[in-house]
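Please read the structure below before turning to the comments.
So that you can tell them apart, the chains are marked A, B, C and D in the order they are listed, and the count of residues begins at 1 in each.
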């Protein structure tokens, strides 16, 4: 089974990688304490943990399974589990996956029990989800021995073992014999109804940044699954007779971000006007050939805290007349604004950005320019360090634990540990966010988050437009390929005839 | 300087430094400079045609360019009407450029192919901003007609003309500013003989008409004899003889001048029966010219050391060997043997081979042992000692002293010890430059 | 000038050029609009770690200290660590450089093998049908963009005909040769050839055009030289005239151009490597630029610069073999 | 005659039928009616026009003329070295060669007369196989006449090699390239390859260098042309030309590029070698002094024709053609400095459409008469002297002068 993604990974370190292509690769070989039900509703499921229990507001006890060994034969212990958590949690080590564990102070082994205690600095109601999206578990002795080389070798507990790794080029895994794996029947994965035996014996991930190259590989039957198919190539692939395109709406919210303290975006009416001014359906139909799911809030339907009220009811229906009125009211009629758009990051990003600007520009009292930049330089502009950041940019916020707080905290709050992409500030939203972060009761918390979603829209903190679609090309020999909303391609989502 | 002298060249020197980079110097890769012109003096009188002759590479064209300050000299001075042109500033030089003009050898490359003949001839007038537009045109037409072209050819391009006509255009261009002095650098050598004669006659006529002074640089002695009043003969960057043309041609004093004149084939039925006493060998490199008289390595009359009496030919061969040992000993490596070979017979055989090749027969004199010793040393690869041996035993004045030009009367000067009433004595210490290894 | 001195001289030249390149590459960091620290340090690093990283990287030092450290590092062969993969750039480059060199050499071979015969045929049949055909191909090649040709070749030859793989590099040359020599197994070298063919043709084609034209015009120049007439006059068969003398002399400027082009092969490889998923320096560099992985960008550029200098040095030496006038310059008179 | 026949594209084979060539007892080469033309963009250039001359065994035949008179093209035509767009369009080149005559007597009898063969009627490959060993040629500029990247020794050895291969197997083109296969072709185009030249050839090359007076021949053979001086290189070129022991050496301006002192050395070398080997030489030059020194007979060429030919004495002292007179009068002599009598006008155009059907020299001729508007035939003044001028059988008549048709001295017909 050969998978070709648009990007690859330069490292195999399960705690120090970036991006979903790396995630797709690394977690074939590494298990986590807790994972998410990627194929199902995304809820946390115990993997190397057998269960968990919040013994105090700020202490999470995680029980560890017995009898699991690493690929090198050494036994997986609670010390390894604690070590894995601590390696990430320690800011001085500088692991990239620390983002999910910002509230974790450290982990201690529990005497007399095969368990560890996670010490938190705040209650963090979704710490379990976060763990499910965080790094993998590694062996302490092995890690200390191979400190420099962790990125190039592998020693996980996962169902696949690394055979060959050429950084950024290709990686090959072989499947363990079912009896070598601790869960040959894959019972811990509720959404997987087959045993390990059914999955590919050899799994190779390659990378090619050129879409045309990936498609050529697919059509020449050199690759079984590719990602990042462009809408215009769908027909060619489907017509080839031995490959087809699968699409899935992802969790990536494509939206316009506006800086709260820069005129004219500081005006609520103006922000509302922009919300009214975009014809989302037409945009998706014309530019994306129908691929993409319109949204009126930032949180996907499957996520915790999604506001079902906003699913059907559009607070800001497409109404250019109303938009013009609101601009008039805001006192910013005749404004000239510039939309910063990245190129090469999202599906047809620059085209969509231009179309959006075109729609906005067609308002009689607004002039909109577009600035398109290569992703790497655009990313620098919108990174938290850059000052002044663009006041108006096209942004897609994606893969994360399925919890509305993440979308809201990171994009629309001020002063939170992880409000890194936010250029917005509003006391009401901040308060709701704070409240959600300290509420452990699930039902109560859901209400708070739904409220937060609604307030974000009332304040018009952004212009949510659609959830981006992911297009995959698969060889017809591949059966049961299930594209997941997180855009990753895991071993368990594919099978071959 | 007498008042009838127009141009006076004093001790002019032009050495071309090779384009060695800093790195070359650092790595000791310097190449010695080319001594293109090395201390040349002469005067050109008003209204005369002064010829400068010599073989290619002797430095005659370099002199021409240096006199016009197209090249900066490395030493010496050139006076034009008593003004040293190397000390002139821009504006003086500009004025000078009106008085001095040049005609080059190749009329094909010295005319801008994109200009019409009229424009080419008018260009100097434009540059020096002389006259009104109409005056300029009038002048151009007059000048073109004077050199034998017609007014209706004024708008044509150089490619439409033959070689002789182009050289006429070059002459017209040179004359249009009414200069006093024209430098003719091989003006006819690219032309066919029949056309060459036309141009020579034209130059002759123009000189009379405009009172011009010519410096005529040429290698064709027939042409020089025809057009020049006085001639200077150059060899390897130096003047060897200077004097009135007829005297030089009829009674050459310097051995080089003699050989040069001897070498020219004459279009004459008697030619096949004439024995030529020419020169042998090639001109040495101007990077590393011979010591003393620069011609001595090829001279038939090289003066013998006082204590010996060789056949002149043998002596000349000996000088050749000496020179070779000094400047290019590696070329003798063909005759050497391995260092550790001590077989006397082999050494002797090789030594006699060297002597045979260089034409050095066995002699019945004191010289024999010296020559033999040197040959043996050379065979063993010890070139510098071989050279030293010969040098210590046989020193000729031609090799140790540099002959300066001596006045032999009738306005003639010759740079040859044979013409000295009493040759200067040989310095006691052999010259120190013998370690000069050329590679 | 002896070959040794010549070599020393060229080496020093090379070092100076490499040093200049290094300096320019260093300066790039300062010219770049992005804050160096934010470029060098991943955005996810928390502020405390950030400070210590800035210190570790020496970014708090004045530029000249940074410069000296940087040059010192390069001299000692230390190109730093990629912040993306945390692997030393040397290690990464060692993995990548052979692929690019293989591709460049193969492309050179393709262009030489195609262009020189074409040039010869063209020149010896001047103003006849073969000449026009060759000129036509040359023009076609020169006006076809690399990436387009690559994609078209893949579509035609790989996807439709299935003759060659679309992309990738299963075996490195070294690995393939080792397999062949140690185990007598030809699989590796066949795979290598199989995979390199299309990228090499794509990269080489542009230069085929250029070199064909150059060879042709050089041949014509040489054929009009007097010595050719002399060679014929002494009865030398035309084959020898053409190959032993005329072509050999025509190749002297061709070799110069090839040497210069070898450098541009590395540049051109960027596009070709991306299209063909060829894991070389170019693809690597592009990836590094995308992720603003400064140590890798710098390291890659340095290696490209040094490779280029080295190859040109090699060409200079080759020059002394094919053109005796070069080394001996200054000796004769 | 046939000089305007632009449509003639192949050598006329029947040229011999109307008047049979007669060969003198010592004739080595007889050129009859030779025309060589160049078909350029500007038009047809009649470089050589109905040329006749013969070369006897062991003599030096000089061809004198100004640039563009066709003298070099004549030499190249004999060796079949004319390159496109030029072509030999007409004529016969009869060469004494018994073995060739025997060989072709049956299959191509029209190309054979006694011991002579007409080279222009033999297959091209046969004509070319004579290069190097029957004919060889030396050229004006020694510096550009050697391949700059092969050693001088090797280049001479190549000539030796060609000669040896040819003498062992005269008519086989294959034998000439034997041992020089594809590999050598490829390698030879990159590296200095010795695969063609054998050790004995190299030794012979060194002997030849010694013969022409080059010191240290062994070492010099290993050197490249740029390490030689012009004079030395011209000696090397002579050595190369001698390698094939040719019957006829064509020397095209052999001394023009050299300094006078070197020129004298080379001339005496040529003359010594010619005498020693008894070979024939065609000496092509513009310098009358050079022919005076070494030639036995000479032809004065003008506009592609031989205007006047004869022994040296006849031409120098008894010339009839005003061009010959003009040429001699134009040369500034070193022995006296009287005013030159130049030929007026310019070297003529050889473009077919500009040539007209008259005496080509008429427009520059001080003695042009009315009859000169028609082409003069070649008159025989005596056994040793022929001229293409009406003055051969009549005196110049002032009344019939057409001098006024053309411009005066120095004027250019435009």
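Following the convention adopted for this analysis, a contact is a pair of C-beta atoms (placed from the backbone, for glycine too) under 8 Å apart; a residue touches a chain by one contact, two chains touch by 3 or more.
Just so you know, these numbers come straight off a predicted model, no measurement behind them.
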Interface ranked first by C-beta contact pairs: B-D
Chain at maximum distance from chain D, centres defined as averaged CA atoms: A
Centroid distance [mean C-alpha coordinates] between chain B and chain A, Å: 87
Chain B and chain C: spacing of chain centres that average the CA atoms, whole Å: 50
Where chain C touches two or more other chains, by residue: 331
Two or more partner chains touched - positions in chain A: none
Overlap residues in chain D, where contacts from two or more other chains coincide: none
Residues of chain D touching chain C in the complex: 76, 79, 81, 128-133, 135-137, 139, 141, 144-151, 155, 158-159, 162-163, 166, 173, 176-177, 180, 184-186, 188-193, 196, 223-224, 226-227, 237, 240-241, 243-244
Parts of chain B lying in touch with chain D, wherever the complex brings them together: 55-56, 148-150, 152-153, 162-165, 192-198, 200-202, 204, 219-223, 225-227, 245-246, 249, 259-269, 271-272, 276, 278-280, 282-283, 331-334, 357
Contact footprint of chain C on chain A as seen in their complex: 7, 9-11, 13, 16, 18, 91-92, 94, 96, 98-99, 151-152, 166-170, 206-210, 212-213, 216-217, 219-220, 222, 344, 374-377, 379-380, 383-386, 420
Interface residues, chain C side, partner chain A - complex: 33-35, 38-39, 42-46, 48-49, 52-53, 82, 84-87, 92, 95, 151, 154-155, 158-159, 162, 165-168, 274-277, 279, 283-284, 286-287, 289-292
Interface residues, chain C side, partner chain D - complex: 116, 225-227, 229-237, 239-240, 243-245, 247-249, 251-252, 321-325, 328, 331-332
